[in-house]
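There are two complexes below, and they share chain A, which is joined by chain B in the first and by chain C in the second.
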Partner chain A sequence: MNSVDSLQYFIPELIVVGTALVTIIYDLLPDSKDNNSIAYIALGGIALTLIAIFATGAPTESLFDGMIRIDGFSIYFKVIALVATAVTIVFSIQSRELDPNTKGEYYSILIAVNLGMFMMASSTNLLMAYLSLETVSISSYILAGFLTHNQRSSEASFKYIIYGAVASGTMLFGLSLMFGLTGTASISEIGAKLAGLIEDPDSRLAVMVAVVFVLTGLGYKIAAVPFHMWSPDVYEGAPIPVTAFLSVASKAAGFALFIRIFYLGFGQIANLSTTNWTLLLSIISALTMTFGNLAALPQENVKRLLAYSSIAHSGYLLMGAVLLNDTGIKAILFYLTIYLFMNLGAFFVVILVANQVGSEMISGYRNLVSRAPLLAISMAIFLFSLVGLPPLAGFAGKWILFTAALQKHLYWLVVVAALNSAVSLYYYVRIVKAMFFETAEDQTPLTFSFGNRLLLLAFVIPTVLLFILWEPSYEVISAVIKDFTPADVGKLAATVSQQP
Partner chain B sequence: MDWTQTLFWFFFAMTIGSAVFVVTVRNLVHAAFWLMITLFCVAALYVFLKADFLAATQVVVYVGGILVLVLFGVMMTSGKLDLNLKLERGQMISSGIISIALLAILFLIVRRTNWQTAETQFDSEGTTSSIGEAIMGEFLLPFEVVSIVLLIALIGAVLITRKEVKKEDAA
Partner chain C sequence: MRLEHYLYISIILFSLGVFAVLTRRNAISILMGVELILNSCNLNFVAFSSFITRDITGQMIALFGIVLAAAEAAVFLSIILSIYNEFSSINPDQTDTLKG
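Here is the complex of A and B:
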C-alpha cells in the first residue's frame, strides 16, 4: 500500500507524535509547571491513541510500501507499550525524584518513545527496524540521565550511550551484510532468499556473521547476556519510573523486533543451516537467566535487585524465542503480559515505599505488614508471581514457556530454567521475610491515597486473575498472532522443508 | 594501472592510514584533525562508487558539521576533562586479539561471499534526483521518522547541557 493510502491506518502513530508535540509546546505556557496538567495531557494522548488503535481494527495490511505491517501481533505490542507508558506517567506524577522544571521535556520524550516502540513492533523492513530501535534507544539515553544533578543518573546515561552505540553499530554492520547478501531490506524477502543462500557454502560464513551481528543489537535491547553489561547500572541510576519503563516497555518492544527479524527473516536458516542456531540461542537464554538470578542474590537495594531479576526474566522469555515457532511466540506474548503487571506492580511498591520511608534498601521494608498491610500483601503477591508460584499468573506464564520448550525437546534448558526459578525464590523471599517477620524501630503506619490503593489493586487483580483465566487469555493471544506469518513465507517454508 | 586505479589506491591507503592515527595519537585535537582526513577520503571513495550525492553530503555533514562540533567539544572541555586514555596491557591484548580475529573473518567474508551486485551505469545527471524521489516515495516513512528522532535528540541535548535554573532566577 502506498504512503497516501497508508495514512488511514497510521492514525495512532500520528496521535502519538501529536501528543509529544503538544506536551512540549504546552510546557512553554506560563504556570504550566505548577501542577500535573502536562502529565494529564500525556495520559489523554495515550487514551486517544488506544481508542484510535481499536477503532482502526486489525486489517493486516502492509503499509508505506512494505515498511511496516499492521497485524494482530503489532497491535498487541502497541497496547503493551501504551499501558506501560500510561503506568509510567502515573508513577512519574508520584515520584519525587524528577525536577518539576523539566516536566514538559520528560513527558514529551516519554510519549515519543512510543512511536519508536510502535515501529519496532510493526517494522517489516530492516531500515525501518534499525530506525525504530534508534528512536527508542536515543530517547532512553535521555530518560535514564534525566536527573542531571545526580551523578549516578548521568553515569547511567553515559554507560547506556557507549554500550548502545557499540551495539547499534554492530547491528547496522550486520544489517548491511544482510542487504549485501540478499539485495533487499524487506525482512520476509530476506527470509525467502536466505533459505537459498544457506545451501551455498561460500555464503554460509557471511550469513552466520550477519545474524550474530544483528543478534548483538537485539540482545542489547532485551539485556541478554553477554550484552547486558549496561543494564544494572542504568536500572539503578535512572529515576525509578524510568527503570520500570525500561524493564518492561522497552524490553517488550525489543522482543517484538527480535521475533519479527528472527522468526520471519532468519527463521528459515534455523531449520536448514548446519550451524545450530537453536543451541546458540538456548545457551544465551540459559546464561541470561543464570546470570540475572545469581547477580540478584546478594543485592540489598530492591531497585537493583529488580533490575537483575528483570535480566533473569529476559532469559526466561528467550526460551520462547529459541523455539522459533508459533507456540514460542504465544508463550512470549503471554509471559510478557503477565510480566507487565507483576513487574510494574513491584516497581510501584518500590516507589511508594521510597516516597514514604525514603529507602530503597531491603532494610526499609522491615515490618511493612503492620505499617501498610495492603502494600506488603501486594508486594508479596508480585514477588511470588515473579518466582512463578501457583496460584499466581507468573506460574501460568512459566508453565506455558516450559511446556513449549519441552515440545522441542529442550530438556536441559527447562531444567536450567526450573533450577533458576528455585534460586530466584531465595532473593524474592528475603524481601517478603523483611516485610512480614522482621521488626523495625519505626512503627508509624504509612498512609496512601485512595488513587494509589486503586492503582495497586489494578496490578494485583490481573496478577491473580491471569492464573484463573489462563486458557481464555491464551486463546486471545492465539487469535492475535493468527495472521502473523505472511502467507508467502509460510508456503516457502513448507516447500523448503519438503526438500531432502 | 590507469589513473583512476592509482587514485583509488591512494585514497584507500589514506583512509586506513589516517584512521590508524585517529585512534593512536594522544592529543584529542590531533585525533580530530586526522579524523577529518579520514572522513574526506571516505567521501572520495564514495565518488569511486559513483555515489556523488553521498560524497557531497559526507563532506558537508561530517567534515563541515560534525567534525567542527567535535573540535568545539574538545576545546570547551579541555582542561576540565582529565581523561586517562591509556589501556591496560591485558585490555590491549584481549581487544587486539578480538579485533584481529574479527578483521580476519570479515576479510574472508568479503573475499568468498557471492554478494548481490547492482549494475552501475554512469549517469551524467548523477544520483541526486533519484535519491530525492526515493525519499519522497518508497522511503517516506523512514524519512519522517528520522525527523522525529532528530527532534528527540535535540530536546535531549538542550536538556543535558542547560544549567540548573534556580527558582529565584527563573522568577
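Here is the complex of A and C:
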C-alpha cells in the first residue's frame, strides 16, 4: 500500500504524535505548571489513541510500501504499551521525585517513547525496526536522567546511554551485514532469502555473525544476559515511575521486535541451519534467569531487587522466544500481560511507600501490614504472583510457558526454570516477611487517597482474575495472532530452497 | 575499488570504535568511539547498496543512520554535561555510586 493510502490506518500513531506536540506547547502557557493538567491532557490523548486503534482496525496489506504492518500482534502490543504509558503517567502524578517545572517535557518524551513502541511492534523493515528501537532508546536515556541535581539519576542515564549506544551500533552493523547478504531490507524477504543462503557453507559464518550482532541490540533491549549490565543501575537510579515503565513497556516492545525479527526473519534458518540456534537461545534464557535470581538474593533496595527480578523474568519470557513457533509466541503474549499487572502493581506499592515512608529499602517495609493493611496484602499478592504461586496469575503464565517448552522437548530448560522459581521465592518472601512479621519503631498508620486504593485494586484484580480466566484470555491471544503466521514466508522459503 | 575494500575499511572502523569504547576513560572519547561504530554501519549500507542491490535502499538507510547518530550525540553530550555537574568528572570509572 502506498504512503497516502496508508495514512488512514496510521491514525493512532498520528494521534500519539499530536499528543506529544500538544503537551509540549501547552507547557509554554503561563499557568500550566500549577496543577496536573498536562498529565490529564496526555491521558486524554492516550484514551483517544486506544479508541483509534480499535476503530481503524487491521488492513490486510502492509503500510508505507512494506515498512510497517498492522495485525493482531501489533495491536496487542500497542495496547500493552498504551496501558503501561497511561499507568506511568498516573504514577508520575503521584511521584514526588519529579520537578514540577519540567512536566511538559517529561510527558511529551514519555509519549514519544510510546510512539517508538508502537513502531517497534509493527515494523517489518530493517530501517523501521532500527529507527523505532532508537526512538525508544534515545528517549529512555533522557527519562532515566530526568531528576536534575540527583547524582544517581545522572549516573543511571550515563550508564544507560553508553551501553545502549554500543549495543544499538552493534545491532546496526548486524543489520547492515544482513542487508548485504540478502540484498533486501524487508524482514520477511530476508527470512526467505536466508533459507537459500544457509545452504551455502561459505555464507554460513557471515549469517551467524550478523544474527549474533542483531541479537546484541535486541538482548540489550530486553536485558538478557550478557547484555543486562545496564539494567540494575538504571532501574535503581531512574525515577520510580520511569523504572516501572522501562521494566514493563520497554521490555514488552523489545520482545515484540525480537519476535518479529527472529520469527519472521531468522526463524526460517532455525530448522535448516547446522548452527543450533535453539540451543544458543536456550542457553541465553537459562543464564538470564539464573543470573537475575541469584543477583537478587542479597539486595536490600527494593527497586534494585525488582530490577534483578525483571532480568529473571526476561529469562522466563525468552523460553517462549526459543521455540520460534506459535505456541511460544502465545505463551510470551500471555505472560507479558500478566507481568504488566503484577510488576506495575509492585512498583506502585514501591512509589506509595517511598512517598509516605521515604525509603526504598526492605527495612522501610517493616510491619507494613498494621500500618497499611491493603498495601501490604496487595504487595504480597504481586510478589507471590511474580514467584508463580497458585492461585495467582503468575502461576498460569509460567505453566503455559513451561508446557510450551516441554512440547519442544527442552526438558533441561524447564528444570532450570523451575529451580529458578524456587530460588526466587526466597528474595520475594524476604519483603513479605518484613511486611508481616517484623516490628518497626514507627507505628503510625499510612493514609492513601481513594483513587490510589482504586488503582491498587485495578492491579490486584487482574493478577488474581487472570488465573481463573486464563483459558478465555489464552483463546483471545490465539485469535489475536492468528494472522501473524507468515504463510507466504513459509512458501517463499520453500521455493527458494528448492532452487539449485 | 571492489566491495571487499569497503568492507575491510568498515570492519577496521567498527573495531576501532569498539576499542575506543572499551579502553577510553573519558566520556567524550567514548562518544567518538560510538560515532565510529555508527559510521562503519553507514559505510556498509552504502557499499552494499551500490555493489549488491544497485538501488537507493541502502543509501536511504545510511541517511537515517546519520540523523540518528546526530540525535544520539546530542543526548549523549547533554548527559555528559549533567554528569559533569554532579561528579565534576566525566570519567566513567568515577561515576560509581550505584553498584551491588
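Here, the second predicted complex is superposed on the first by the 488 of 500 C-alpha atoms of A that agree within 3 Å, B and C clash if a C-alpha of one lies under 4 Å from a C-alpha of the other, contacts with A are read in each partner's own complex, and residues count from 1 in each chain.
The rule we apply is simple: a contact is a pair of C-beta atoms (placed from the backbone, for glycine too) under 8 Å apart; a residue touches a chain by one contact, two chains touch by 3 or more.
Since we're looking at a predicted model, the values are computed, not measured.
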| item | value |
| --- | --- |
| First, second, both or neither for A:363, with chain B first and chain C second | neither |
| Chain B versus chain C as contact partner of A:237, first or second or both or neither | second |
| Partner chain(s) touched by A:202 [first = chain B, second = chain C, both, neither] | first |
| Touching partner for A:304 - first (chain B), second (chain C), both, neither | second |
| Partner chain in contact with A:162 - chain B first, chain C second, else both or neither | second |
| Contacts of A:101 with chain B and chain C, given as first, second, both or neither | first |
| Chain B versus chain C as contact partner of A:17, first or second or both or neither | first |
| A:149 touches, of chain B and chain C: first, second, both or neither? | both |
| Touching partner for A:172 - first (chain B), second (chain C), both, neither | second |
| Footprint overlap on chain A, comparing chain B with chain C | 127, 131, 134, 138, 141-142, 145, 148-149, 157, 177, 180, 183 |
| In the complex with chain A, residue positions of chain C that touch it | 14, 17-18, 21, 27, 30-31, 33-34, 37-38, 40-41, 44-45, 47-48, 52-53, 57-58, 60-61, 64-65, 68, 71-72, 75-76, 79-80, 82-83, 85-87, 92, 95-100 |
| Interface residues, chain A side, partner chain C - complex | 126-127, 130-131, 134, 138, 141-142, 145, 148-152, 154-159, 161-162, 165-166, 169-170, 172-173, 175-177, 179-180, 183-185, 232-233, 236-237, 298-299, 301, 304 |
| Residue numbers on chain A that touch chain B, as the complex places them | 3, 6, 17, 24, 63-65, 67-68, 101-102, 105, 108-109, 112, 115, 119, 127-128, 131-132, 134-135, 138-139, 141-142, 145-146, 148-149, 157, 177, 180-183, 200, 202-203, 205-206, 209 |
| Chain A-facing residues of chain B, complex | 105-106, 108-109, 112-116, 118, 137-142, 145-146, 148-149, 151-153, 155-156, 158-160, 164-165, 170 |
